[in-house]
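Structures for review follow.
Shared between the two complexes below is subunit A, which has subunit B as its partner in the first and subunit C in the second.
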Partner chain A sequence: MHFRKLIFRRIIEVMAIFFLILTGLFLLFHLSPGDPVSRMVQPGMSAEDASMLISQLGLDQPLWLQYLYYVKNFFTGNFGISFHYGQPVIHIIGRRLPNTILLFTTSVILSAAAGVFWGKLVAWYKGRPIDTWVTILALVCHTLFLPWIALLFIWIFAYHVGWFPLNGMITPEVWINPSAGFLTKAADIGHHMLLPLLTLFIIHVGSYLLIMRSSMLETLKEDYILTARAKGLSEKRVRNRHAAPNAYLPVVTSIGLSLAFSINGGALTETVFSWPGIGRELIFAVSNNDYPLALACFLFISLVVLVANVIVDVLYAYLDPRIRY
Partner chain B sequence: MNFSAETRAACNTAAAKRSYNLQRFLDGWALFYENPVGKLGVFLLACFGVMALISYIPPLIDPMYHPMTGVDPWISNATGPSAKHWLGTDNLGRDLFTQLLTGARIAFMVGISAAFMSIVFGTLIGMIAGYAGRVTDAALMRFADMIMVMPSLLVVLLLASLFGQLNIWIIVLLIALFRWPGVSRVIRSQTLSLKQRPFIDMARVAGASHMRIIFRHILPNVLPMACLYMTFRVTSAIIVEAALAFLGFGDPNTVSWGMMLQWVWKTGHMFQAPYWLLPPGICISLITLSFYLIGRAMEEVLDPRLRKEENFE
Partner chain C sequence: MALLEVENLTIAYKTRRETAIAADRVNFSLERGRSVGIVGESGCGKTTLGMALLRLLPSNGFVKKGRVTFDGMDLLSLPDTRMQRVRWKRIAMIFQAAMNAWNPVQRIGDQILEAIRTHDPKITKAEAVKQVEQLYELVEIPADRIFDFPHQYSGGMKQRAIIAMALACSPDLIIADEPTTALDVIVQDQILQKIKAIQKEKNIALIFISHDIGVVAGVCHEIMVMYRGKIVEAGRREEVFEVPVHPYTRALLSSYLTIDGVFEIRDKQSPAPPCTPAEPLSKELCGYVHLCPHASEACRSRPPQWREITPTHKVLCSLCR
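Moving on to the complex of A and B:
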């Protein structure tokens, strides 16, 4: 009951934020120097096509009506036509979004799981050499410059050692072959995904580890840990059952706060590895002045961040019963 | 690890307020410096400071060493390190070592100015939200939430495309505009707790205006926290600028480390020229590391809970 109410409230909040972003983008688009019509309609288009697109997007209407058109078009999935691809923007988004979500969720989940696991152990062995070294390593990982480490990985593992493909998401030869089964295709994607995943993992694992470590150290000072020890529970049980579950909470919060940061990193990784995701598409669209595509990509990326935020909140409420009651 | 006896002694003589502050600062500094993390951070930062300073010298020796326009007439493609070019040259014959030195200057400039601006915005908004409360607070914090969920790098990219080529100061301003919400949240919560303290009531009873209360009574108390967040913001500002430059949206008239990485990537030299690929990335990573380490050491000084406990374990 309370749980449902909490989630409902968060969804309303997130929708309000999304509307603000939608509106902000609209204002920005119309306030910035330059003509909105020429930005949405490609110069080479035939006159009839252009006038149809203009009336579809409502660009010939007064500003307030344009805004209504804009909101309506968002919900009906009509974003105009990409200059570069010459296709409706929504089709391109539909193809790219799953790739981004695949890379993004896998990297966040893996790095959070590893960070929590190692942070827990390192806090337990506080002051020993393993603690010092892992903490230093985590600090260094956290501050590495992402595009550079991505280039470095390509240079070492793909170019010199040759274990992984240089870039892309699939090998066309494998996919053209009609006898290739689902497993072969999945393995091919996995093979391409490993390096981008490793890059994102290394960048993110450090911060989760450090947060888990300090949160675990705080928890270990609590009285109930002393009680658990006094009861004669094994050290492992105290660590995994009594201390760790309480220490998870700040990590979950920090996942929520760092989602926008992770998406930045995801876009950079996609660009360097030519992973056909929505972040790379946005960077491409911005470089080519392909505004219809750029605006839609940005809106969908914000949507991904917001939805992920709601999921994190739900997870938090699930892990911490105090929030629910 | 309490403040030293001198501090407490200084406290007792009311006239010695100034020396008390100085002593407190020195104690804080001692605590900071005793931490190996802080020491390493300061050392690294000093190295980059020296790099930034000597970056003015090479172009004076020979115009060939100018990071942007200086071209070695004898070199037409990327070459490895030599006595004349300590780190080699890029594909146009420009000296990589001077580019690297100039990059330090740009990183400091961007990092510190963007961080300073975002701290000013964040502190002001946080204090106003916390002090005013009610509708102002709710509105400002929802606005902060909105900015917080937007990926700052991608927003700045989008703005760059809408407004055309950006120069370095516009980039700095944009970074600052999108990095204040985290700070303002912390400052707001501090202001909320300060507001309940008696000395604020006393000030109000004495007839101080809202402005005076905010700037004379609340600001000095939230300033240490603001300084702490500034070091973390420097890190993120340097990274955002470097990433923008790497993607080709930097100021074309400056040489930053991100720009150097973009050149090595875009000209396809990343597999042939490790002497070009490695240094800028190492520098970006190390300068962010140094600010981050300083921030962590400062955190321990400001937050007594994080200090070393003698009797734990």
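Moving on to the complex of A and C:
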């Protein structure tokens, strides 16, 4: 019961935060230099036509009225037409967002799982060679520069060895073929996804490993670990049933915190690998003054981060009864 | 042969700078159904001693020499898997910090069940739960609280639940390490009475570790006073409590607050509160020589010898006849 109330409260909080972001973005876009109309106005257009366009767009209205329209448009899913694509922005987002979620959810799950597993193990064998070497490796991974490692992978595995496609998410020939089933298409995406996934995995696994390791080392000093040993449990059971479940908690927190950063890094990854995701679209929209698209990208990225944080909170409450009860 | 025989047990901790002796040539034996209290100030080695019996010393601690024989088994040379079967099934422990002795993310009942089912894999869950219910009745916690989480218990309840868990596998020996230190005096008294009654009823041997000589005197048949890693005085409760011989024991007793709220000075010459001096411990000489008001030239030059006051009362002091 308490659990539901907690989650409910978090959702309310997140909605309030999202509303603040919504408002903040509106203000930022109005403060930012550059005139959205100038892009649409053709050089040959008369001043009359230009001012008509401005009033059509509602840009001559007072700011508060524009804001109300903006909020209304958001809740009705109307994000306007992309300047560049000439299509409704919501359609573009609808195509790009799932690609980003696919790539990042997979990479977060894989790197967190591997980091937790190895962190747990090396903490258990603290001071032995396996601990030293894995910890050094994790530190190296943690400090690698993402675009560099991404380009390096493309250069080696895609360009020289040729195991993976150079970029993109699909091979058009495979998808055009009418006989291609779901599995063939999924395998094609998987093949394209491996290199960006590997890049993100290497960048993130180190930090999860280090957090899990130090959290596990703290946990192993706790009195209840002594209790578990005194009870005559096997060492494996002490490690996996008593130490690890308590050590997971900081890792879960850090997943929540790192999500925002991983989406940032994601824009880089998506750009380097030409992955048709929302991060790459955002960079494109910003550099092309495509205001409606950029605004929608910002909003949806923040929405994804907020939703992911709610999920992390649920997970945390599930793992730690002190929160739940 | 006694249930537990500790012979010449010397325990050390390896640190960066040195190897520090935490317990030095400790000897004692304990019969089934008897209880011995180990009293001493913080850092005197009493907890280390208890941990060493279960082979649960921290990773830098090790037994330097000596033997621990429990029910005919040489505990110190037992293979790990056999030692795991001795733990809790034969020797259980009541921990110093009951607050933190429970895994916070598991239900108390599940943790007790785990102890029962680890040592008796054939028992069904329903039977094991029934056992836990009986244990809860014994320690007077309502049965509907069994499957609560640790943070839902009060401090006293956690401590009583620890006692319930210690009894779960009907051990022959319980090591109680400061079981009541963190509790208020009323709860403390309840818990002590409980431990005493259960120990008597189930005929369990008990090692009771505490810094509070009054508490120990209330629970134990025998008392050992420990100072800087050495047992300095050992005897039956009445002997040590009524006729303390070692100057340290007397100092310890004189700093013990009586019911009237005044210090009862038993030895007017050693009112100094016991504390561990900073000087390094000379391995052989009496550890109390720096603070002892009676210390003579002999104390500073010769190691103290064990003297028998009565057949059951011994003291490690050069001054005592």
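Please note the rule applied: the second predicted complex is superposed on the first by the 298 of 325 C-alpha atoms of A that agree within 3 Å, B and C clash if a C-alpha of one lies under 4 Å from a C-alpha of the other, contacts with A are read in each partner's own complex, and residues count from 1 in each chain.
The definition used in the following text is that contacts are C-beta pairs under 8 Å (C-beta built on N, C-alpha and C of every residue); 3 or more make two chains touch, one makes a residue touch a chain.
No experiment lies behind these values; they were computed from the predicted model shown.
K.L.:
May I ask you to decide whether A:175 touches subunit B, subunit C, both, or neither, giving the answer as first, second, both or neither?
P.N.:
The answer is neither, since A:175 touches no partner chain.
K.L.:
So, does A:163 touch the first partner subunit B, the second partner subunit C, both, or neither?
P.N.:
neither
K.L.:
Given the superposition on chain A, which partner contacts more residues in subunit A: subunit B or subunit C?
P.N.:
B
K.L.:
Regarding the shared-chain residue A:133, is it in contact with subunit B (first), subunit C (second), both, or neither?
P.N.:
neither
K.L.:
Kindly classify A:282 by the partners it touches after superposition: subunit B alone (first), subunit C alone (second), both, or neither?
P.N.:
In the superposition, A:282 touches subunit B alone.
K.L.:
Which of the two partners, first being subunit B and second being subunit C, lies in contact with A:8: first, second, both, or neither?
P.N.:
In the superposition, A:8 contacts neither subunit B nor subunit C.
K.L.:
Based on the superposed arrangement, let me know which partner A:232 touches: subunit B (first), subunit C (second), both, or neither?
P.N.:
Second partner only.
K.L.:
Need the overlap of the two footprints on subunit A, from subunit B and from subunit C, as residue ranges.
P.N.:
Overlap of subunit B and subunit C footprints on subunit A: empty.
K.L.:
Mind pulling up the subunit A residues that touch subunit C in the complex?
P.N.:
Within the complex, subunit A touches subunit C at residues 222-224, 226-234, 242, 245-246, 319-322, 325.
K.L.:
Sort out for me which residues of subunit A touch subunit B in the complex.
P.N.:
Residue list for subunit A touching subunit B: 13, 16-17, 20-21, 24, 28-29, 32-34, 126-127, 139-140, 142-149, 151-152, 154-155, 159, 214, 218, 221, 257, 259-261, 263-264, 267-268, 271-272, 279, 282-283, 286-287, 289, 291, 294-295, 298, 301-302, 305-306, 309.
K.L.:
Along subunit B, where are the residues that touch subunit A in the complex?
P.N.:
142-143, 145-146, 148-155, 157-164, 182, 235, 239-240, 242-243, 246-249, 261, 264-265, 270-271, 274, 277-278, 280-281, 284-285, 288-289, 292-293, 296, 305-306, 312-313
K.L.:
Flag every residue of subunit C that touches subunit A in the complex, lowest number first.
P.N.:
54, 56, 81, 84-89, 92-93, 95-97, 100-107, 111, 114-115, 118-119, 149, 151-152, 165
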